[in-house]
Amino acid sequence: MAWFRKRKNKHGAGEGLDENLWVVCPDCKTHVHRDEWFAAPKVCPKCVFHDRLTARERLDITLDPGTFREFNPEISTSDPLLFTDGKESYFTKAEAAKGRTGLNEAVVTGSGKLDDQTVTVAVMDFRFLGGSLGSGTGEKILLAADYALRHRRPFIVFSASGGARMHEGIVSLMQMAKTCAGIARLHKEGIPYISVLTDPTTGGVSASFAMAGDIHIAEPRALIGFAGRRVIEQTIRQKLPPGFQTAEYLLEHGFIDLIAHRRDMRNCLSRILRYWKR
Amino acid sequence: MAWFRKRKNKHGAGEGLDENLWVVCPDCKTHVHRDEWFAAPKVCPKCVFHDRLTARERLDITLDPGTFREFNPEISTSDPLLFTDGKESYFTKAEAAKGRTGLNEAVVTGSGKLDDQTVTVAVMDFRFLGGSLGSGTGEKILLAADYALRHRRPFIVFSASGGARMHEGIVSLMQMAKTCAGIARLHKEGIPYISVLTDPTTGGVSASFAMAGDIHIAEPRALIGFAGRRVIEQTIRQKLPPGFQTAEYLLEHGFIDLIAHRRDMRNCLSRILRYWKR
Amino acid sequence: MDPQKDFDQELKDIEAKIAELKLLAKDDSVRFGTEIAQLEKEKADLETSLYANLSPWQIVQIARHPQRPLLRDYIEGIFSEFIELHGDRRFGDDAGLIGGLATIEDRRAVLIGHQKGRTVEDNVKMNFGMANPEGYRKALRLMKLAEKFRLPVISFIDTPGAYPGLDAEARGQAEAIAANLAAMASLEVPIIVIVTGEGGSGGALGIGMGDSVLMLAYAVYSVISPEGCASILWRDGAKAPEAAAALKITAASLLEMGVVDDIVPEPLGGAHRDPQQTLANVKDALIKRLKKHARFSPKKLVETRYEKYADIGRWKNWW
Amino acid sequence: MDPQKDFDQELKDIEAKIAELKLLAKDDSVRFGTEIAQLEKEKADLETSLYANLSPWQIVQIARHPQRPLLRDYIEGIFSEFIELHGDRRFGDDAGLIGGLATIEDRRAVLIGHQKGRTVEDNVKMNFGMANPEGYRKALRLMKLAEKFRLPVISFIDTPGAYPGLDAEARGQAEAIAANLAAMASLEVPIIVIVTGEGGSGGALGIGMGDSVLMLAYAVYSVISPEGCASILWRDGAKAPEAAAALKITAASLLEMGVVDDIVPEPLGGAHRDPQQTLANVKDALIKRLKKHARFSPKKLVETRYEKYADIGRWKNWW
């Protein structure tokens, strides 16, 4: 529910370049050559900071070239509340997000091959309204899970979300239940479901499909948690410890199976898929 | 495994009377009239200390008079290791325990009515080699569970045990697995299993059937835990907090459903049984 | 005086006056009779005008009213029996999310629900009904127990939200709720949910998936608190009334959106104005739903529940 | 020097001398050749006499030998693949009880097992292979994962026991082990258990119920440590050798009592004297067992496992 907060300045370096040739790492401020930065992709060679990827970027580095077939690109935002904050309506906001991202929703779903193994994937895009979970998002994830079930294909979801999409009100909250209903069927029918948690995975997404996987993989230092840091600090009236709600913190506390560097992620997924397929 | 340690002096008041008419509460040292003490039974009216009951005493206050039918009273101790400590053999020790208690094993099992509801019960007797879990104990509990399964009757086990019976070595340890195999069948077939944890329930008994119930009821202040206090203190090199490993402690830590005073236990069990029967 | 909070102050004044007069009328019924009758009429008119068009924010006040019935009140008033069971068998026992074996008119059900306190002391213990992971895990354990014994589950929702504390995060608040959603989606016994007060976001939904989801007339259910929404949208928590309206969090809105299946009526002005009537209404509604879902096989139940949730926010349902 | 601990000191001395002579022999093979041959024969004789009649306490020393292969050695040497999975999804990740997806000669299995450390640093992390409740709960989660994917489970046992700490008690060490026993009793996939070093009481059994339970020739498995038994019986931990004998904790005794199904041979003197051979033996034994149990239906598996455990300590089996 926090995607509309001001973008933290440590993110988004890929967009705001220092000059044409160099990218400044949002975390350690190292200057990285633009080619090197996007080849990594978007991983600082010095401090291993993993900057956020768009859904297309994620698909590109994950699937075999030319194998991705998208599901339901037409599914878009709905506005069940006719929500407006008085100045701007959700409808306008959503249209702007569509224009800016070229996406119709905060998730891209489809089927493709990963190292020659057919998988069903859903990839969230944080740029689209903070990767928030709206009815279109939930619908696309459910349809993808349903496809995975019917074709008995492993399902991989890359999360990146601030949580539920406030502007769709209760309908947004219900997408948590809806997506988990889809996941529950995969569990019952023995279909592998891998949840990949990337920066950030919080709120209603962390409290639903992202935390209901057979295997949970996280990218290094990704922010993962239920409540927002500010809310927690106000509640407990103390500062949070360093490293709180990072992927490493969650690994230590038993909620993540493994952390994979972005350059190893495809290989890691491939190994697991190959294991199941055998 | 600790039943042969010297009996803690806070227990066993029922046997060592101050004089003929009075019992001294092992905990608060109040003098209680013998009749009152045994009517309670064995609960201090002042500090609510629950002294240990024999299996027969427990059956008497739990089941409807004259309804108990014992299973397998012939099952007795086995001596698979031909165990001896050099001075005394396990065989001799076990014979002595039999003579002293009139029991053949540390548990009495059977069928009876509790407030007019047919139940299968197993009641451990701490006097018999510290209520230790030997092959005979495990066998009787398994047979009782099997009876409960076949007749679809609720199964109630009253634990009182220092743990596995060292003198039967690995065969004793395996009784943990054996009894749990019986309990697992009850879970699978929807047969209610209530575990009543009385003082003390530790070691291999707490780590098997006693902690695998649908519902866990404990008597007030009963000692319940896995490792012995001395071992823990030696391991962590510090004194244990007051109230550690009591029923109240376990309730607070989420392992006990409810604590019932001895005078309420029968009524509490009856309510639960009646609930299931309806 | 907060005008939002005490919008029914005028009514309270009249009621106090009536009570006073009635006391005096004991001695002199002739003198006060007309006056009382007059005030009673005034009161009825005021009630009608006051409660006929409550704003969503006023409904929030009713949903959070300190005298509104809490779970323990429903348990005592509706259920002929309740055997409370404690603990998650993992870490602790959560006083803010309780559960046990319940009986309602000879029908058995495993009851789970948020428990707020009415006193400060109770609220410290119950954390204002904001559950910790061990609360959700206790609920899950009890739901599995219900499944073992083929008993339906009744879930009472009344929480500001799941507790946003450091320890709650460390012990996996997100995972606890996620696990419950997956489990409730495939639980092979009926689940009846009723939102009685505040339905606070994921903390509510964590025990809130069901075959029937009911809502009291003045309950609210929202993805975010109006205050939270207002401070995000306008950086001003005081604009909560506007947010409450924008979020469409009332029972009527939720029924319209297909998120709740039925509205359980409350006395005019809210449950706290006639708790007995409220309890009776809730009881009737629960029994009706228990009867309805008892008919289905486990398989059919789970399938129907799946379809129900799959349909919420179905693409093309809106446009 | 502790005579119990270094019973093979004489052998070590001869080995050192041979190694020394072999080094010298590089320059002058004629001169040292006979001497070396003589020593080799002495060594062989000594080995035979030394290891032919090991006392149970000597076997305990071998089972605990610092150079004995640990789980990571088996994983590297036997399994062509291992994808380690972490965490219990409740509280933490236990480095002393690990698990993951493993492949052994094109057969897949979920692997769980105790992990001791070889360095002080590792042992602090792994708690000397003494698992906490989160270790047992991680194992349970992985076993359930195995069941979802119909994969067999292989469990490696090597622990002094479950950790007897204050926090472990607070988080339910007893419940964690009990829950595993009940779950393993009804798990619908094959479970192969192998005791490779120390089988320490409930801490071992907590991941130790299986369709086949194997034991390395010099492993031990006991309801209590010999030291613990001695200090109870004689209030003297130094009498552990006597206790080790009385408790019948060796593979041969356990096979005789029907608690283990087969003994996996070790090189003369123990696994540490030829780890490669040991690994090969373990691999063969595991594959044989995987093949054997793969044949049965889930129902048959669970029934057979029940009968197996029901039979241990059957009344009238002894007398």
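Assorted remarks:
Order of writing sets the labels: A, B, C and D. Residues in every chain begin at 1.
The working rule: a residue touches a chain if its C-beta (ideal position, glycine included) is under 8 Å from a C-beta of that chain, and two chains touch if they have at least 3 such contacts.
Treat the numbers as computed from the prediction; the structure is a model and nothing was measured.
Compared on C-beta pairs in contact, B-C and A-C come out with A-C as the pair having more. Each chain gets a centre from the mean of its Cα atoms; for chain A and chain B, those two points are 52 Å apart. The centroid of the Cα atoms in chain A and the matching centroid in chain D are 42 Å apart. In terms of their C-alpha centroids, the spacing between chain A and chain C amounts to 33 Å. Taken residue by residue, chain D touches two or more other chains at 89-91, 171-172, 175, 179, whereas all remaining positions touch fewer. Contacts with at least two other chains are made by residues 187, 253-255 of chain B.
If touching chains are joined by edges, the resulting network of the protein chains shown has some other shape, matching none of path, cycle, star or complete graph. By the definition given earlier, chain contacts exist for A-C, A-D, B-C, B-D, C-D.
Chain A meets chain C in the complex at residues 1-2, 4-5, 72, 75-76, 78-81, 83-86, 134-136, 138-139, 142, 164-166, 168-178, 180-185, 187-188, 202-204, 206-212, 224-228, 231-232, 235-236, 238, 240-241, 244-245, 253-255.
Considering their complex, residues 162-166, 168-175, 177-179, 181-186, 201-202, 205-206, 208-209, 221-224, 228-229, 232-234, 242, 246-249, 253-254, 257, 259, 305-306, 309-310, 312-315, 317-319 of chain D touch chain B.
Listing the residues of chain C that touch chain D in their complex gives 89-91, 137, 171-172, 175, 179. Only residues 187, 190, 192, 214-216, 251-258, 271-272, 275-276, 278 of chain A touch chain D when the two sit together in their complex.
By the touch rule above, chain C contacts chain B in their complex via residues 81, 83-93, 101, 103, 106, 108, 134, 138, 145, 148-150.
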